[in-house]
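Encoded as structure tokens, here's the structure I'll be asking about.
Letters A, B, C and D mark the chains in the order given here, with residues in each chain numbered from 1 onward.
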Amino acid sequence: SSGTTGTSAAPADTGAKGGKIGVDFPRADSDFWNSYNKYVPQLAGELGVDLMPPTNSQNDVAKLVANTQALLGQGAKAIVMAPQDTGAIASTLQTLEGKNIPVVSVDTRPDKGKVFMVVRADNKAYGTKACEFLGEKLGGKGKVVELMGALSSVNGRDRAEAFGACMKEKFPGITVFEEPTEWDGTKAASMLQTRLQQHPDIKGVYMHAGGVHLAPTLQVLKAKGLIVPPEDPKHVFVISNDGIPQEFEAIRKGEIDATVSQPADLYAKYALFYAKAAVDGKTFQPGPTDHDSTIIQLPNGLEDQLPAPLVTKKNVDDKNLWGNQVK
Amino acid sequence: MTSSVKAVEALGITKRFGPTTALDRAGIAITEGETHALVGRNGAGKSTLVSILTGLQRPDEGEIRFGGEPAPPPADRDAWRQRVACVYQKSTIIPALTVAENLFLNRQTDRGAINWRALRSRARQLLEQYGVDVDADSLAGDLGVEQRQLLEIARALSFGARFIILDEPTAQLDGPAIQRLFDRMRALREQGVTMMFISHHLEEVYEICQSVSVFRDARHIVTARVGDLPHDRLVDAMTGEASAAYEHRSRTADTSAPVVLAARGLSLDGRYQRVDLAVRSGEIVGLAGSGSSGKVGLAETLVGLRRADTGTVTVNGTEVRPGDVPSALAAGLGFVPQDRHREGFVPLLSIAENATVPIAHKLGRYGLISPARRRERGARMIAELDIKTTGPDQPVGDLSGGNAQKVVLARALADDPRALVVINPTAGVDVKAKHALLGAVEDAAARGAGAVLVSDELDDLRICDRVLVMFHGHVVKDVPRGWTDTELVAAMEGIDQ
Amino acid sequence: MTTTKTSPAVAVPAGRRIQLGRFRDLTLVPVIVVLLIAGSFVDPVFLTPGNLINVLQQQSALALVVLAEALILIAGKFDLSLESTVGMAPAVGVMLVIPVASGGFGLELPAVLAIPLCLLIGGLIGAFNGFLIMRFQLSAFIVTLAMMIVVHGLQLGLTQGKSLFALPESFLYLGSATWLGVPAAIWITGVLFAGAIAALGYFRAGRALYAIGGNADAARAAGIRVERVLWTVFVVGGVIAALAGVLETGRLGGISANQGVGWIFMAFAAAVIGGVSMDGGKGTILGALTGVLVIGLVENILTLKGVPGEWKQLVYGSIILIALMISRLAGGKAQD
Amino acid sequence: MTTTKTSPAVAVPAGRRIQLGRFRDLTLVPVIVVLLIAGSFVDPVFLTPGNLINVLQQQSALALVVLAEALILIAGKFDLSLESTVGMAPAVGVMLVIPVASGGFGLELPAVLAIPLCLLIGGLIGAFNGFLIMRFQLSAFIVTLAMMIVVHGLQLGLTQGKSLFALPESFLYLGSATWLGVPAAIWITGVLFAGAIAALGYFRAGRALYAIGGNADAARAAGIRVERVLWTVFVVGGVIAALAGVLETGRLGGISANQGVGWIFMAFAAAVIGGVSMDGGKGTILGALTGVLVIGLVENILTLKGVPGEWKQLVYGSIILIALMISRLAGGKAQD
């Protein structure tokens, strides 16, 4: 049954009693996550959250587990994490459940183990949006390169699966070259360059992560003289993902055509919001929320699917996009 | 006490290493209870036979028998070790382990856990039994050369095998140490132990062995009772030609010639004290002394391998920077270090390259080295020193000991040095090579170099114009040419007349 | 790597060398003491039994890889592929028993076989390494580097990069059980370390590793079957790495495609700061253990202190460097 | 790693050694020929000049790291920190010249200084490595392992993990310019390789590396200033790695926080399959270059062929292993 969110999602009641909230950052080497890492302490102040010094698990689930134990030892009452590896966090979630510590998972949806709330955008939707955008621009035929993330990451897999399924179903005339890049710019550049050599008629590129793929892609296209206005028949349509400021810059310059803005600010805001709510004993139901999103039911908890808008030249200057707020 | 039973027989052994034939249908038969010498020039195949007799290598053809029985299968190491013990030419000491463990390597215990206390006391007993004065608890890597050698011998003997091989055990020992070793060997022979003894010091063969086999160019040449094969015939058998003993040349020292190598007030704590030394152009000065007398330490200071605590070294009129080899070389010094394997050459590099490192700057301009000129220089050195090799491009690591040593000497002579320091140049080197090496030193002196010759061998020292004898770190005597063995040995032992 | 041939000009007096050699494997003890004191100032939680047990538990799988690597290093060889075994062995072991729906191969062998199969796979990887290195006389470094890629590639291919979390009970049990109040993983690791310390200190088979690593020819001459021992060491190393994978899987409740990736550097760092030589023949298992502890304590303290992520690596690397220098100065000997 | 002390019992025939030694650095040539043939079957594009130039361009930065590592390996040492220099040196060099708004330090030094500064930083890192290793007699492996973490940690800390996009013109120029129809990066790499081949083959300074790597004590006794030469090699290695970073930055149009991470394994693999020994004193720069080419061609063929991502690593690792064995069999010599 469709319900409503338990409370208003605005930071209304700041009279924090609750308890300390521990946050683990997944990595310190990505533009997207660095923005998130900046937002957390900033928004914690605004939301009146009693934030412990955040830990950082450097993309390593074993470190994440160790950090969680340390946070618990230091008295955390709720934990916010972003397990980039969604399988190997299961026992930790079980342990936390056993200790009645609510967990908010950001960006990824753990495969197993109880979570209070997953704060995420629909990564499958990113893939579908990218597919639809490119499909339309190419008129349903031609060749595109997909610079994928890492095979071990759900987000990468979700994006790839949705993109592939949508292409097969809606644009069977388009050939997709899938390139696994391990979220690595060097690999992306080499693969794209080789593919363009092999198929000079490639007309579209889908990058799974602008943070790592943007600069190398532009460099390769530039070297081939393919950075030309959309009207030019040589134009290669490029759609990115993440929504960092440099992507917006590239859209403005006409170097790429679109990106999906993955809301770093909202990730931080709602992660803290739900963690605090959990400590305060609040509960939530599936259904639409007051912040343009929908909570869905998972076997092991709930997921608030935040909006991830498609950004093109038309809306690139929208002040509400997080990429326009960072300095 | 000798019977006709053969303790060990090797019949028609052939061993090839690629194109090299190390043994060509060679053989040896050693009668039970005798001490049998195996002699031959460097590369004759002696050590190869040793590794076949101890089961480390399998012959391509031929057969080994112990006491008339066929040798055990190659995999059965224990059976081999009960039949034959060996002190190999190459050290088999493991430096990072203690003396006690080295002694009982792979037999620390019969079964179960090792009892270290018991092992240590067994080791002490063993060391005591063989009169080896080292701490069972110290690391083998911290031992000196003689102590290591004694450790190898004690270990080899401790297996209780009735047949023992000693491959050049005396090459690195000084006189008294050699005598101590021979005393032990005699005692063993009295207990009926059979021995095979390899040495390039032929007088040792006559001193300790009853019979001798000669190998030449991978073949067995002759086996005889030592009494039936006098020294010159033995050398002829080894070299395949009639040859005479080395005759040092007569030179009259020119006391007005300039001093080319001088030391003033040199002291190095724990090694030697207040040493003064002056070597003139054309003069060869010997440096003698028993073990630990400090002679090597002093020589190494002269060339810059060590840095003295006080005092100065002057080469060819230039006071060189202490402890700095390049500055000594630049001033006109050449030297042969004590341990050729450690400091003498780079095994993978060619003869030509090894020998020309000090003169690389003369083989081309702007840091360039002309390979053609290098090869040409190398070929010349090979001819001058009679180095047995396939050519100047052969890596030194592939040469036999004596030939490698000649390359080291070639390097020392490369720059036509004014001052020459050679340390134990003839260790492990066969008679013919020895003559060539000593001759080269005399040639250098004739060309006007002043040389310091450090040696444990009285024979080598005979080419010297005078010999400085060191005792406990002091130069105690300056002996002019014409000394007798007893005179010099007495001085070395610190017995003053 | 670095040559051991110290020139006579810089050699250390024999006497002092002997004395200190004894304690070389304990040169990190002062570092550990300093870390314990520093940690107690950083956070009162640090010195609680709970936290220290956490540190041990977190390090237990890495400690086993360090143990395996130390054995191989002491014998004078090298194995980089251990880190891939940590992920691949349990992944394939599990896939042999779970149904296709959960990501298995469809064989559905009895679940009790999962751990034995996993250890078997680890052993096979070690045996294959040993085969390539000994039979073909290839460099251990480069063979195991290639094998590190191959083994991990096999895991990626077979699992399609997906995590496995339908684990047999036995894995989960080992990951979560506590015996006498201490996690099972700590017991298992402790027992294996104790066994290895005993074997390398008091048994011929263990001493043979030192002999081989110190001078393989001398070992051969002493009747040690060098090739056979080395092969055994590679197999044992693979099995221990697979066991590390089992413990890690149990602790985390799933096997990700990246399990073990990047561990090998940490394993080397731990072994070497603990006094195990890269040249073979030197160092002790106890020393290696102190190396693991230093790394574990540093990580724990940095976490408790809340060092910002972007500076953490710098601090961490610097502390390893300092530990290295302390162990060098305390040990009084040139390192290799 | 593996001991060099070959007993007479296992050493290889002297005669054959000499003959083949000549060609040892070219044992990968048959592998390259096979790859060229295989590639031409996989895709007709493969053998086009355009594609082959792409391969060279893609490999040029890695090739420079291989060059640096080969120099250091031949001299008997080790440097793992090169991979971190590839990212850190250009990042800091760039931050010294760009404004705060783009992620700079705020010094805004003249933009022309960016590349010289970057090379200087690379040299300083090398000098510091050399200092720690030689003065403190520490193991090169472990020092540079710690330095690998420290240097990358410094980059992360200083950039806060952000990528740098505002690059000075000089970087972008080098990354995109073509001279006589061939990318500048290939020219630069080619010239450096040619220089190194000449230096190591025909110059005193270069030959000294072989002497030191082959037997440092003998080199010292022959009058070579071993410490000084080694120090120089570390500095030169750092500078070359920094230059690799410049080329890579130019090619990618930005410096991500992970630039260079993970390269060192590839660099070792390339050098060693190309015949450079981990024990020092052996191998040639030309051989190392063939190693890089093999790796580049394999990657290119796998991409052209479109091997599915999850199986790519396995195929890749297996091909390295096979190249290793071919070079072993063709070379006829035990490897170290």
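Here, a contact is a pair of C-beta atoms (placed from the backbone, for glycine too) under 8 Å apart; a residue touches a chain by one contact, two chains touch by 3 or more.
Keep in mind that what you see is a predicted model, and the values were worked out from it rather than measured.
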Self-check item: Chain whose average C-alpha position is farthest from subunit C's own
Solution: B
Self-check item: Comparison of A-D and A-C by number of C-beta pairs in contact, larger one
Solution: A-C
Self-check item: Gap in Å, rounded to a whole number, between the CA centres of subunit C and subunit A
Solution: 35
Quiz item: At what distance in angstrom does the C-alpha mean of subunit C lie from that of subunit B?
Solution: 44
Quiz item: On subunit A, where are the residues touching two or more other chains?
Solution: 27-28, 34, 37, 151
Quiz item: What parts of subunit C, by residue number, touch at least two of the other chains?
Solution: 5, 7, 156, 160-161, 215, 217, 220, 309-310, 312-313
Practice problem: For subunit B, write out the residues touching at least two other chains, lowest number first. | Solution: 56, 90, 305, 342
Quiz prompt | Contact set on subunit D toward subunit C in their complex | solution = 1-3, 5-7, 9-10, 76-78, 132-133, 136-143, 145-154, 156-157, 159-161, 215-217, 220, 265, 268-269, 272-273, 277-278, 280, 309-318, 320-321, 324-325, 328, 334-336
Quiz prompt | For the subunit A and subunit D complex, residues of the former touching the latter | solution = 27-31, 33-34, 37, 148, 151, 177-180, 184-186, 189-191, 193-195, 197-198, 211-212, 214-216, 218-219, 222-223, 246, 327
Quiz item: Any idea which subunit A residues touch subunit C in the complex?
Solution: 25, 27-28, 34, 37, 52-56, 58, 60-63, 65-67, 69-70, 73-74, 85-95, 111-113, 150-152, 157
Quiz item: Quick one: in the complex, what on subunit D touches subunit B?
Solution: 7-9, 11-18, 21, 202-205, 207, 210-211, 214-215, 217-225, 281-282
Quiz item: Taking the complex as given, what residues does subunit C use to touch subunit A?
Solution: 43, 45, 48, 50-51, 54, 58, 61, 156, 160-165, 172, 175-176, 248-259, 262, 299-300, 303-306, 308-310, 312-313
